[in-house]
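Dropping the structures in below, format is structure tokens.
What follows is chain A paired twice: with chain B in the first complex and chain C in the second.
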Partner chain A sequence: MSRLITWAAVLVAFVAVPFYLEGFWLQTGLFAMSAAVGAIGINLLTGATGQLSMGHAFFLAVGAYAYVSFSDDLGLPTPIAAVLAVLLAGVAGGLFSPIAGRLRGAYLGIATLALIFGGQHLLFNVEHVTGGFNGRAVPPLEIFGFAFADAPELILMNVPFGALERLWFLGGALLLLAALFARGVLRGRPGRAMNTIRDHEIAAGVMGVPVTRYRAGAFVLSSMYGGLAGVMLALVFQRTVPDYFGILLSLDYLAMIVIGGLGSVGGAVIGAVFVSLLPQLLTRYSDALPLVSAPGSGGVSPAEAARLLYGAAVVGVVLFLPGGLLGLLRSLRLRLPSLPTPLPDTRSSHVS
Partner chain B sequence: MITFIELLVNGISIGAVYALIALGFVIIFKATEVVNFAHASLLLAGGYVVARLHPYVGFWLALLIGIAAAAVVGALVEFLVIRRSKAANHSVLAIVTIGVDIVLTTELTRRIGTEVLAMGDPWESGVVHLGPITIAQTRIAALVVAALLITAFLLAFKFTGWGVAMRATAEDPETAALMGVRLGRVSLSAWAVAGGLAAVAALFLCVFPTPGLDRSSSLAALKAFPAAILGGLDSTTGALVGGLVVGVTEALMTGYQNDLAFLGRGIGDVAPFLVMIVILLLRPAGLFGTKELARV
Partner chain C sequence: MTVRFAGLTALDAVSFTVEPGTVHAVIGPNGAGKSTCFNVLSGVYRATTGSVRFGTAELTSLRPHEVAALGVARTFQNIALSPRLPVRDNLLLGRHRLTRAGFVASGLRLPGARREERAHLARVAEIAEFVGLGAHLASPVGLLPYGVQKRVELARALAMEPKLLLLDEPVAGMNSGERVEMAELIVSVKRSLGISILLVEHDMGMVMRLADRVTVLDFGKRIADGPPDEVRADPKVIGAYLGES
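Right after this comes the complex of A and B.
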């Protein structure tokens, strides 16, 4: 019952946000949603299966650019282009599976650096698809005549509903679907198999888990999540630029899942919100904060301060909070005797 | 033909520098089983110290201080972070080093800003003529220094007590500990040595013909990762061969990029990674890596 109330409150708050907050926060929130989808994907791979990937940004790029190219160059309807873009990211992950299936843990992490550098090379050089250095404009999504853009004016309860407000609900729905699906995967048979592979590869093999196939499968699934995150990001940004999809973005995703909590959906979402809100908050309130100064003034700029903070957060979390922020929340909840606590879920709370 | 020989020599020289980085990477992996993603930032730290100090104390002293600084940074990372971490999973330890890397690289690139720092080396832009072949003095110095350092390291690895302790630890940490090897010291020294090697490599990555140390220098260091893994992460021989393969490939691809125009501009920077992928497809453990066999 209390759970139902919590979820209802979350839903009401979510619906209320576009009516009260300004565009800046909506955009930040949308970035966080897209990051959350991507982080769920990489948490399936790195957190649950123990396979490190530095190439996540590549799959975001595939999703974003494929969406633009399918809808603009091929003239496909935008929803179909979006679905195809996610599938294409999956195919790209599948093409990498001879390596993703065979290499273990951190080895795969180094091998996936090739995706980042190769991907950047393609983004800059295949200009007729990617637009080269300047990138390309992203056509707005249009579902059954309803455009996720500012163009046909729409006013709800005296609030103008532009692209950001409309995308807010789409992003929320996509994030919910992505989270539910990933939870299903993690709690079911595949999730158990993935965790066993992470904890003991040989034991997994002995129990009859096809290790290579599962690793490749987790890689494909995570790359599809990356593709979806890329499509969402492109829709919010309204422009795709190659520089964005570099190694720093991949590192951000790894930071997210470590800070949030490895191996669970909730951890990925919390980490994604933390890592994407931090720079925005610091930028917004840089005047009021000590040690942070405006960009270009020689001091620590907000973006740099954010990177320093969450780099340190990654180290701190691994040293002191081996369950991430999610683990911290759980242990706080267990310490409060008055609240009815649901039975601890041993599977998803198992974090190494 | 002359171009080819010049490119080959340059490739071998830069490959020797990559080998230095990869060697440090492999030493850390052998001693602590940590894949050190912070290696590029160790390199940047060493290079930064050299570049900032040489106008005041002269090049050679600056280089010594730079090497010492990078070694101390490496040792501190081991002492403050890796040793304290209770994470059993080595993937998690690898991610910790990513956190360290984010912090160090952000701070160093912030300090470097948009500047391009000269390294103040005595070779400057001098060249040596061998018949029709022209080679930069820096490249020769890089080759000689790298060869000397690698030889010295391999000899120490083979014959000194420190080397024996290191190899014993890599073989079986528990038994080594029971035999009186201090595991903490072994891993601390591994990180320090790796840091020092990275600082030397930083010097030669940032001298002529490259303009100097700038904020993208750590990206150049990332090419040593394919060098380490294509040779096999647990093999010092592999690191040397991997470094040379990466260096020569890069130099040749960059040198002939006009003939390879269909591959796009800047293919030389991507080539090391492509070679790595091809080799990993054929031999997932790398060229000289120990194959882990477990039949189920």
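Right after this comes the complex of A and C.
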């Protein structure tokens, strides 16, 4: 019962946000939702299966650019372009899966570096598809005549509903569906097989798990989550920028799942929110913060300060919070039994 | 069968047959090749020459999950469970080959996947009861005492509903009380489930009590093979264990 009330409160708060908060917060929240979807994907691979991937940014790029190209170049309806973009990211993961299935842990991490560098080379040089250095403008999504854009004008309860307000609900729905799907996978038969591959690969094989096939499957699934995150990101940012899809983005994703908690959906979401909110908060309040100055003025820029901070957060989590922020919340809840948390009760499991 | 690692011959033309419905023990001093032998049988290593047959099926070139699919289950000498998952999930992993739900069915929680999960959960609870783990189903394996974890290993192998069970030192590191319990458990597995058991063990008392037939390895060679009493009296076996020539 208390669980139901918690969820209802979360829903009300979520619906209220676009009516009260300004565009900056909506955009920040939308970035966090996109990051959460991507982080769930890499947590399925790295956290649950123990396979390191440095190539997650590549699959975001595939999703983002495929959406633009399918809708603009091929003239497909935008929802179909979005679905195809996610599938294409899955196909890209599938093409890499003969390697992803056979390499274990950190070795896969090294191999996936190739995806990042190869991918960025293509983004910069296949100009007729990717727009080269300047990227491309992203056409707004339009479902049954309802456009996720500023025009046509829409006013709800005296609040103008522009692109960000409309995307807010779409992003929330996509994140919820992505989270529920991943939770089903992790708690079911595939999740147990993936966890055992991480904990004891030989035992997994002997218990009847086709290890290579499952590693490949987890890689494809994680690529599709990356693709969906890429589509969401493109819709919010309204432009694809090749520079963005580099190795730093992949590292951000790894930082998210380590900080949030490896192997669970809740951990991925918490980590994604933390890592994507931090630089935005620092930028917003750089005037008021010591040591942080506006970008370009010589001091520590907010983006750099954010990286330093969550670098420290990664170290802190590894040393003191083996379960990540999710584990911390859970142990707090155990100590304060009357306090319900809004987190889904996902299985905690971490790379040893 | 023969197994070579680079220049080292770990198993040299070793051959034996496990009769259906019996307990067959493989014993030998440290480094005799017992574990290598197990790894070949379960598909983890591949024999350099020779063959492994299970009924009419040829196991020699199969991968571990294909061997498991034929109904061969094994336990590990060093516990190979997922420590953070509860006992229930570790046992459900044993049901992997008997269940079907894939990524899509589990992700969407399709009715078939949920029904399958419920049915197999019920069977897993039965198996846990049989092995004496009924009270621990929800506990993470890592929090349980060593002796109990060894029983989870056995229960996970039983959850595969195997025809042949390979037990790699099931009582290693246990105290005497736990040893007696485990020995009784193995006897009741053989009696009530009719599973053939191949056992690697150092505890001679237990081997002599449980085994219907014993194969003795030393330095990768088979030095004796026969009923326990006969093997115990074999001068070569006594030599290998006591260091006489």
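Criterion: the second predicted complex is superposed on the first by the 336 of 352 C-alpha atoms of A that agree within 3 Å, B and C clash if a C-alpha of one lies under 4 Å from a C-alpha of the other, contacts with A are read in each partner's own complex, and residues count from 1 in each chain.
Criterion: a contact is a pair of C-beta atoms (placed from the backbone, for glycine too) under 8 Å apart; a residue touches a chain by one contact, two chains touch by 3 or more.
This one's a predicted model, so the numbers in the text were calculated from it and none came from an experiment.
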Chain B versus chain C as contact partner of A:Val318, first or second or both or neither: first
Touching partner for A:Ile99 - first (chain B), second (chain C), both, neither: first
Chain B or chain C, by number of chain A residues touched: B
Touched partner set for A:Gly217, first chain B, second chain C, both or neither: second
First, second, both or neither for A:Ile202, with chain B first and chain C second: both
Touching partner for A:Ala193 - first (chain B), second (chain C), both, neither: second
Which superposed partner A:Ala182 touches (first chain B, second chain C, both, neither): second
Overlap of chain C and chain B interfaces on chain A (superposed complexes): 198, 202, 205-206, 352
Of chain A, residues touching chain B in the complex: 46, 50-52, 98-99, 102-103, 105-107, 109-111, 113-114, 117-118, 121-122, 124-126, 198, 201-202, 205-206, 247, 251, 254-255, 258, 262, 300-301, 304, 307-308, 310-315, 318-319, 322, 352
Residues of chain C that touch chain A when the two form their complex: 42-44, 63-65, 67-69, 73-74, 76, 80-85, 89, 92-94, 96-97, 99-103, 105-109, 113, 116-117, 156, 160
For the chain B and chain A complex, residues of the former touching the latter: 35, 37, 81, 84-96, 98-103, 106-107, 110, 219, 222, 225-226, 228-229, 233, 264-267, 269-270, 273-274, 276-277, 280-281, 284, 294, 296
Touching residues (chain side chain A, partner chain C) in the complex: 181-182, 184-185, 187-193, 195-196, 198-200, 202-211, 217, 221, 347-350, 352
